[in-house]
């Protein structure tokens, strides 16, 4: 859309929203949030950018096709799922936890990486869907 | 002291929200409704959020409330602007008692380019009214 | 014996792969098999006639009790020799009859397949393996009838035959399973000692009906007989081999085999005598209305089969032995007549008996064979046919009920059969030779020697009936688990009633043959009654069935999505309604339920209004916006009821959906109000009823106490063991992480689908 | 009257009534713009309700949801505007 | 300016970590403290960075001004909404812009919109005019002047 | 660790899906990876199968959470048998896909989605958790939506819309059932549900949940009166896709019905009557549908429906004998139905049509191929001693023992219709001379293919035919397996004890 | 409260099905969405509802104690929501594509696949 107001507002909102999405992702284990909502927020940030600056620019910011995030995210989730099986001789999806928790995020463990995988997949697939539609309009 | 602040902020907030609601119902055209909506509601919700920040008096809550307020204050006018201009595009007319319309005939209908004030006014017939099905 | 059975299968398999390389030597190669098998089985004759039984068993599928157990007793040997003996002759005959045929290899393949199946059938001691071979005979018959598969007639006949015998096969399967269950074994030899417990079982009648069904269809009993004349579309060797000598006797064989197991008295007798009786007379009468030689032979075959069933129904020792002898008699003369017909057809190009005459002048050996065959068929002494007929009258006369009626029935039938034999075996050769047939030459001996051999055998056996008696009668009687009373096959019994009856038969038959000339006028006269013939009724029935199928299928498969959904919903309403209202009580204790507050009411109102608005608005965009309202209400609802994660997710997802909708929407047409008012009301009532049931269901479930073991475990351990405080999230990424993994996979696939749907454009020309 | 009662018996009802009033506008339209505006306002009021509800239930975490709400409501409006503009342009 | 701000934040965080008290007062105190420290230190640095320290008070004053305007106008609108008659004189006014950059225009437009009674509808493609819908356009010139002297001037002071 | 091997099939397919997504545009690489991957999956499945066969039911507790608190995977004989069958059909279909599915389609993630589908199927068979089953079902249906609709033109899209709507509806009913069940027992582990459902006082509610499951799964497994989507959609996608749909998608519904009705709702009299009635009607409707079709794909589709009725009816009889019949039939059916659709794909490639009226002369021109095809056709009919025959013995026996003569009648009816229709098909397609029709010109016919390509077409069919022959002639093994599975199913304590480690 | 929610769930089911039964494809999708919401609400409701006690462990605590909402239905619904989202987006695009190819939004025009051929 040809509007300076939206354009500049969204260019400032984009980093903030992305930051917010990471925040939502990381705190999910302790408070409402998590990979899915976090991923949606991030996707929405890019969609907003696509609305205001046009699809091409939004794609340029991403540098690669958002679809690429899907296998990447799924790999992350998959690896965090099977790593206990491979490395620790424990059943699939068993949580492996670091000794000490850290602030904001809390305990660091394989479920966190799993959630990050979810986050990436959600961004990837939502953006693939919306960008594809926008392109075909 | 804090309690009183909560009474005030929440009370005022609720009032402003109610105001926005009544305004949205009563105002005669889209632009006025958008106008009322954006301001009163934004302020009202800001106040309500402040009330909760006051209630919890906790850093994390306060920062979040501030974040929400700032966010609303950034986004509300932007969306008001978007909706307002869209309303003009699709040809929603101004209230009959409206006083002046500087925007009339300024939009190029096909490109949505908007002219400045000094340019010649033409293509007035382009802003014929249309409404959503 | 296993090797004997497998040989044919292996040979047909061999032909599939190597048949084309042996085109020239195929006939010799193929014929070696039945001949050597015939010799092989012949070698058992001394043992068997001494009353011994050869037994062989291989484990196959013990879980089902299905084993390849073979017994060679008198009955089996009779059939085995018939199968291989006539088989040998037919194989040889074929080599000349179909000489140079493009698909001779296929033909021999099918034929060997059939022979092997038939051998397996008669040798099996296991009811299940008997069934297996039974079905294989149907299949090979299907292929043989449809051998000229470029002709629509052949294909249709093959289908009809397969359909009828297929029904029978399935009935046999049912009967076999049931009998096996009742007896506790599929071994027929073991069932023999259980006749009483089987006939007393509550399933006895059912077993009987199923087995009868199988036998009647296979052996072309009325009203299932009509597939057999149709099967005459097959090349003559097939008609000879399958549809007169062997396969059609499988049903008779089955009844024979089952007699000691299932003959439980009146039901057995009544059904078999009635069905056999109707069949024999009905088709015998049909003979006089035919002009096609094959048609005449087909009906006389059916009639003969009727006689066999009839005799088994009588079930006395005399009757059974009569049946055994008649099987041999019939095989010999009928096979001969078919082969002769084949020669005539092959040489003259017609089978129309009104066109044929005087052929003795050009086909003398064939005429001799035909004449003897006619004698056997007519029961003229000193042929085996005479012995057979005597035995038949002997059994009918001594049957306890309706002896006179049965005897008259037998005589009438035999008169027609006499006629048939002479029309087929004698008439074409008599009189002056028409000009057009003057150039005919005697074909290869491979064709005319086989019928000659068979008819001569019929003559020899007639003169020395003791051969048959010692070889078969006694052993067969033993297979029937009846004490063998002293009984001798003789050509001459002295002057008695039976002789008188025989004489009457011969006289009446001769008169009929002399007075009645087959003609097309006669054939057309019966065509008027075709509409009530079982065949036409069957065809009408299957047409009606097809119409019904079409109606039924199109009734449900309308192509309208709403019909499908509303059927499913209606079905659900029916079931749920039945269950819910089957013990419905209005009284409810809802005191434990949560109280209602103003803000909830307003949210719920909003939700309700949003939903209704979505449904009833005429603007798509407004509907989408209303969906936004619904989403918001939902998310607030989730929030009030302690589900912040849900609130967040619901709202973001709803918004994203709205965005998607909005992006797509302007590419879509505006709403149309397509359904009429009546349909809307109908659907409204349907969906409203479903909604009401869901509401009632929920309320009812809420009255039940809920087990909270799992929930408590999560509450206790989410932090301690899984290091998370947002229990919902812990469930999602840890306790039930697999769900989430697959859930994101769903998203990925959806995205791939969207991508493909919108990006992949196939041009119509390179589609697929 | 303590804070709890005040919020419960006065503020929440006001907000609820407000949302219903806005919903009336949503119903009435007449333009799609009115509906979008009403939806936007409903969400904004929702944020207010969440703020109060978080006090009543003593659960500050609920406030996070208001942030998501605010963020996404904005995007919804943008999308509608985008749609309407595009549709109008194409016609 | 950005680096300054970041340094400020960084310092604040360090203070908070040092003290180990994660509450609002402590953060605020940390921020204030680091701000003062940076201000003092800035005397030895280049001129450009000084601006940061001037702007902060201006932002605060602008904020207060805005709150005042907001409240004032809200009461006006409230009156309008509650009273039975509609005594408005609405209209769309083209407002010539001094603001040039995207940020300036956007902020101005948003502030105008947030203020009751006015709604920034659109900016002309050449960025010369901001079209504003207003509830009370008694005198067009006065209306334009109010905004230009009020919001725009104060805003540009901060941003430039 | 060792018992973890039962989830190896899942890991293999998930890995393959991810890998293939990374190599989005490398078509040949995708083909090779998919085929090799499926061969691997087959190897794994055989390993898993033999392992469970020798060591008994294996339970994997994901996340090391003891049942019933986490999601468990249960490799009992039924599950691993189905996993093996999935691997066999998956292997065949992947080879067939490389040649029969057009490039453009393959370029849009065909293989990746295909492996997601196989992943879903394996997951559905292995999971011991009812909600997890729902999730697997969803990955299955979304994959099937994608496979059925991508690149689709008119008829395919029409089919896809209906397919979508009805399957979505089925999922919703499934979820409703799940909600009711959870509301009653508060647990999702199927073994645990089985124990706790006995404590529910309001048995009507239990029956209601069963009915909801029945309808939810019934739509997926295409039983009467819920099957409508199947004839409308299965024939539209490429044959390779139809094949996997036909072989496995409806069967996963049957599997689910078997699982819940043996484990949770076993022996309820209302349900027995209901299931039996539906089974009879299913056989009837499927059979009637098959009679009137002229398109071989549609004929096969109605047979899917008809033969589902056999299995459902056997399930309703609820005896060990019947169950053994059901399992045997299931094993037979998965292989045979997959093969039939591959065959229809081959016929399409040979003649450019699957309409019987336009087909003909196949026996004349491709005699050996025709005989190869005849084997699965005969097996479908149940010509003894081929594979379709054996399970009927158990089913018939069970129907007699239960004195359910109507079901016996339906079995006979269904078998007869199958016989007649297949004979008709044989007569029309193989025997009849090729009628003179206008063949599509821009079409690559089978005889224009290179030898290697022809082989790629034929190999999967021959492979599956070989498996079918094994099922028929090695019926002893299959029957022993079926009986063992039936025993496991009918004694649910075995399952429960294994899962809950009692 | 539950009674009203139960009624609303019923209304959602009814509306969803009613919309699915319409002939317009857009309505079909709206119906699907409504039905999906109804199902979520049903699960939520049957998992028993609790007001204002989210299943989140207090920062000071280690276990969830006292009154708290059952987290399991929430997790289930979350999963269901995400899956429905995937399905719905696919459906929306499917409808768009179908419309583009078939030039109609009328489901009744989509019945050629069921004809005998």
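Per-chain numbering from 1; labels A, B, C, D, E, F and G assigned in written order.
The rule is short, and it goes like this: a contact is a pair of C-beta atoms (placed from the backbone, for glycine too) under 8 Å apart; a residue touches a chain by one contact, two chains touch by 3 or more.
What you see is a predicted model; the values in this text were computed from it and never measured.
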Spelling it out: a chain qualifies if it touches subunit B and also touches subunit C; which chains qualify?
A, D
Hopping only between chains that touch, the fewest steps from subunit D to subunit E number 2
From subunit C, the most remote chain by mean C-alpha position:
E
Whose C-alpha centre lies nearest the centre of all protein C-alpha atoms?
F
Pair joined by the larger number of C-beta contacts - A-G, A-D
A-D
Please work out the Cα centroid separation of subunit E and subunit G, and write it as a whole number of Å.
43
Taking the mean of the C-alpha atoms as each chain's centre, how many Å separate subunit C from subunit E?
90
Cα centroid separation, subunit A vs subunit B, in Å, comes to 31
Multi-partner residues of subunit E (each touching 2 or more other chains):
106, 109-110, 120, 122-123, 125
Multi-partner residues of subunit D (each touching 2 or more other chains):
15, 17, 19, 32, 36, 53, 59, 61, 64-65, 67-68, 71-75, 78-82, 85-86
Pull out every residue in subunit A that's touching 2 or more other chains.
1-3, 5-6, 9, 12, 20, 30-33, 36-37, 41, 44, 47, 67, 70-71, 74, 78, 92-93, 95, 125, 129, 132-133, 137
Over in the complex, which subunit B residues touch subunit D? Could you list them?
3, 6-7, 10-11, 13-15, 17-18, 20-22, 24-25, 30, 33-34, 37, 41-42, 44-45, 48-49, 51-52, 55-56, 58, 60-61, 64-65, 67-68, 71-72, 75-76, 78-79, 82-83, 85-87, 89-90, 92, 110, 112, 130-132
Given the complex with subunit F, which residues does subunit C contribute to the contact?
16, 60-64, 66, 106, 128, 131-132, 135-136, 139, 142, 146, 149-150, 152, 155, 158-159, 162-163, 166-167, 170-171, 173-174, 177-178, 180-181, 203, 206, 545-546, 548-550, 552-553, 556-557, 559, 561, 563-565, 567-568, 571-572, 575-576, 579-580, 582-583, 694, 697, 700-704, 706-711, 713-714, 734-739, 741-743, 745-746, 748-750, 752-753, 755-757, 759-762, 764-768
Subunit B residues touching subunit E in their complex are 15-16, 19, 22-23, 26-29, 31-32, 34-36, 38-40, 42-43, 58-59, 62-63, 73-74, 76-78, 80-81, 84-85, 88, 94-95, 97-104, 106, 113-118
Of subunit B, residues touching subunit A in the complex:
67, 74-75, 78, 81-82, 85, 112-114
Which of the residues in subunit F come into contact with subunit G in the complex?
131, 134-135, 138, 141-142, 145-146, 149, 152-155, 157-162, 164-165, 168-169, 171-172, 175-176, 178-180, 182-183, 186, 188, 231-233, 235-236, 292-295, 298, 355
